[in-house]
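Note that chain A is present in both complexes that follow, paired respectively with chain B and with chain C.
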Partner chain A sequence: MDDVAILESIRRQTVAVVPEIDPAEITPDRSLADLGCNSVDRADIVTAVMEELAIEVPLSEFRQGAPVGELVELLRTHA
Partner chain B sequence: MHTVTVTGVGVVCAIAGDAGAFERALREGRRGVCSCPDGGPPAALLDEEVREALPVLPAGAPDALRRSAERLTRRAPLPLRAAVGVAAEAWIGAGLHIAAVPGDRVGLVVAGSNLTGRHLTDLHDRYANRPAHLPPRAALRLLDTDHVGTISQLLQIRGEGCTVGAASASGNAGLVHGARLVATGEADVCLVVGALADLSAIEERALLNVGAMAPGPVGPPFDETHGGFAYGQGAACVVLESRRSARARGAEVLAELAGWDLRLAANSLTEPDGEAEAATMTRAMSRAGVSPGDVSYVNAHGTGAPLGDAAEAEALRWVLGEAVGGAWVNSTKALTGHCLAAAGVVEAVATVVQMRGGFVHPNPGLAHPADPGLRFAPATGGVRADIGVALSNGFGFGGFNGSVVFRAPA
Partner chain C sequence: MTDRLTGIESLNVYGGVACVPVAELFAGRGLDTGRFGNLMMARRAVALPFEDPVTNAVNAAAPLLERLGEEERDSVEFLITATESGVDYSKSVASYVHEHLGLGRHCRLLEVKQACYSATAALRLAASYVASDVSPGARALVIATDVALADERAEYAEPATGSGAVAMLVGDDPRVLALDPGAFGLYSFETLDTARPSPAYDIADVDRSLLAYLECLRESFADYRARVEDVDLMTTFDLLALHTPFAGMVKAGHRKLLREFTAATPAEIEADFERRVGPSLTYPGEVGNLFSGSLYLALAAALDTARPAAPLRVGLFSYGSGCSSEFFSGVADQRSAEEVAAMDIAGRLSARAELTFAEYLEVLPENMRCLVPERDRKVDVAAYEHLLDRCADRRPMLALRAVEDHHRRYEWI
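Showing the complex of A and B:
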């Protein structure tokens, strides 16, 4: 699975959970927390991305405050 | 002890999307209970457009509150969206968005338990085979207390808060708890929210199998043709406030919550206990300092269950004695269906609305009362009535009996 597809999924699910966020602002260098997602929003987004991409990553592997680029990488290694 | 008043109300149910529409529907005696097209249990469900739009904040709601409500309830289960809507309606109706009360002087009681049955079974259906994809937010959404947390965040409530459960008497139990907080000075304002019970198929079937819910078309509460309750979707909120606080803010007092009582019948089953019901009503009236002759209106629990209707009618005749002919009796459940956990709060709003409007809503379909000894409001057309003192009952499985007494403001 390529990084672009994963980033697109993160954008879609982030906007589904927090519609106020402009998808163009969801870039690899930003963290979901920076973009205004609270802790439960972030957990919901990551889980929804896993659901969409049909992969499973233990939630303990996600680092709090990680930039979106790091999420993409982690998700790719489990794809 | 502080005098407890009502300064705001909010409601959503099968016959109305807000308190103003509720008054019109009550005056008409609009029946929200519809028979199921395939001959199954009748029910009073929310209008589909109303349901999808929840929470609907009233005109005049500040933009920030509107945005916060939207953000807090996005993709939330129906009970939470309904609760947020009625809480915001009552809050704004009470003027608390303008003449504020410090957050630590405001309490929040959510009446109802087991509110998430449908959400739980929906999630089970979808995620049982792939649990890793279960949205983490479910950990919050599956708690009844998510209602408390969410409404407290929306309205910045920092006083005492909890849920209160007493089966179908939950609404009245919530009112009693809230009234105590205000009467004792623990809070100046307390929101009491009756939460919408969104039954799962299993819970609905259990209520049918135990013989409480009507299996098919039946007559209305208190009629000879009654045969169980019709489920109603509804939520409501009452703002209780000390008279002193209401005066200090210049808030209009809609009614006084003058008396209350909540007691058990030492019984874990579904059967009503007329003696315990009578004791509860008597104590609530005694606390309010009113005698049977003062009671001009009774909002009965009256679900349509034959045993329950009979026990309540007999208890009312006993409690009111010779004054029984002077008090109008109706059952709001004939219109809204039985809103279960929320019923007591929905009916408290109905009582306050009728008291202020000077009318008693009809008992649609009540042609042949099973117990002719009460002064039932007519089947068609409400009646003008000067309601000085009103009694509202709520009884629940497991021996819960609750009564509250409202008095028109002086």
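Showing the complex of A and C:
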């Protein structure tokens, strides 16, 4: 799975959880927290992306404050 | 182990003698009020500097023991304190608690630790001991007790973290909750999500912790379903009580569970949350996260708010960072409502002294050193009398007055 497809999924699920966020602002250098997602939003987004892409990432590999680019990489590694 | 019913005979919450409105804390710290709704909290318990894990435990358990006759008190032959706020590497909190509760000397003392899961492990141990019948008529006293080590560094965890204790008398007349024999699901694995690496501070990776909680909820429920016949998440449980670090986390957990195990629509999930989980959130919204007492604070709230008039089944989820978790269940009935109501938990929470943000800041540095070992220390209990005077109809309470050559000294005030 390529990074573009993963980033698109993150954008889709982020906007589904927090509709106020402009998808264009969801770039690899920003973190979901920077974009205004609280901890529950972030958990919802990450689990929804894993469901959509059918990827299981061991949860202990996620860390607080990770930029979107790191999430993409983590998901790609486990795809 | 037999299939005899065992469980919680009586339960009491100690949610402090002081509290601070969460809105004041948000304003004082300049936190984003947009996130206020995620906590669903009105107030949080604040310890006064003469309170510690020992006093919290004693102040939670004393009202339970006062209701017992001498013979029943002597039947308590197992005292377990569950805490991540130990005051010594060797000597247990239970040893002090045993003394100040005046329990008989023919009693086992133990302190257990597994973050916020430990009280559930202690309850399991106690109930299994009672059910084993090696000592017919024996009871156990399980007390989950902790203190907050959260200041401005903890950001949104500061308003969410409470201080206090929940005491549960465990025996074979489970008036509050009869544990369903053999009905449990487990899920544990190593991770570092939140921890207390020092007696002076906590660390937390909020994202990892939330994701671990959600994974444990799903997997422990799946394990429960595999062990217990004919389980339907929507109909088997009339009430749900989950470990409640903050209500938003519980809501996320409930939503995830229903999305994975039922065909409920988003509107149905929301309505189900209000109906089956909502009652458990009232006291957590007044106290904050009570660590391993959190689940039992939620249980007390569920029973006191829903007030069962007939037998009903409660589903419970216990999670402790690090991490270990359990989904289990029990039956409550009209006696449960009466037993919990007798403790007047809501009344005592509303009688607490309400602190301003400035008063909260004054006691915070003292509270942050609560667990830091010191050979000698004096605590000026009288300095806080003006705050205690604000409590309506205050019960006598245990207070830490000094540490003398490492020995903690207490007095009733």
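Please note the rule applied: the second predicted complex is superposed on the first by the 79 of 79 C-alpha atoms of A that agree within 3 Å, B and C clash if a C-alpha of one lies under 4 Å from a C-alpha of the other, contacts with A are read in each partner's own complex, and residues count from 1 in each chain.
The working rule: contacts are C-beta pairs under 8 Å (C-beta built on N, C-alpha and C of every residue); 3 or more make two chains touch, one makes a residue touch a chain.
Every value quoted in this text rests on a predicted model; they were computed, and no experiment measured them.
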Using the superposition on chain A described above, determine whether A:40 touches chain B (first), chain C (second), both, or neither.
both
Check whether A:4 is in contact with chain B, with chain C, with both or with neither, and answer first, second, both or neither.
neither
Tell me which partner A:19 touches in the superposition: chain B (first), chain C (second), both or neither.
first
Contacts of A:64 with chain B and chain C, given as first, second, both or neither:
second
Touching both chain B and chain C, residues of chain A
40, 43-44, 47, 59
Would you mind writing out the residues of chain A in touch with chain B in their complex?
17-20, 40, 43-44, 47-48, 50-51, 56, 59
Give every residue of chain C touching chain A within the complex, in rising order.
35, 38, 156, 189-193, 205-208, 210-212, 214-215, 248-249, 251-252, 255-256
In the complex, go through chain B and note every residue touching chain A.
71, 74-75, 130, 132-137, 140
Which part of chain A faces chain C closely enough to touch in the complex?
38-40, 42-44, 46-47, 59-60, 62-66
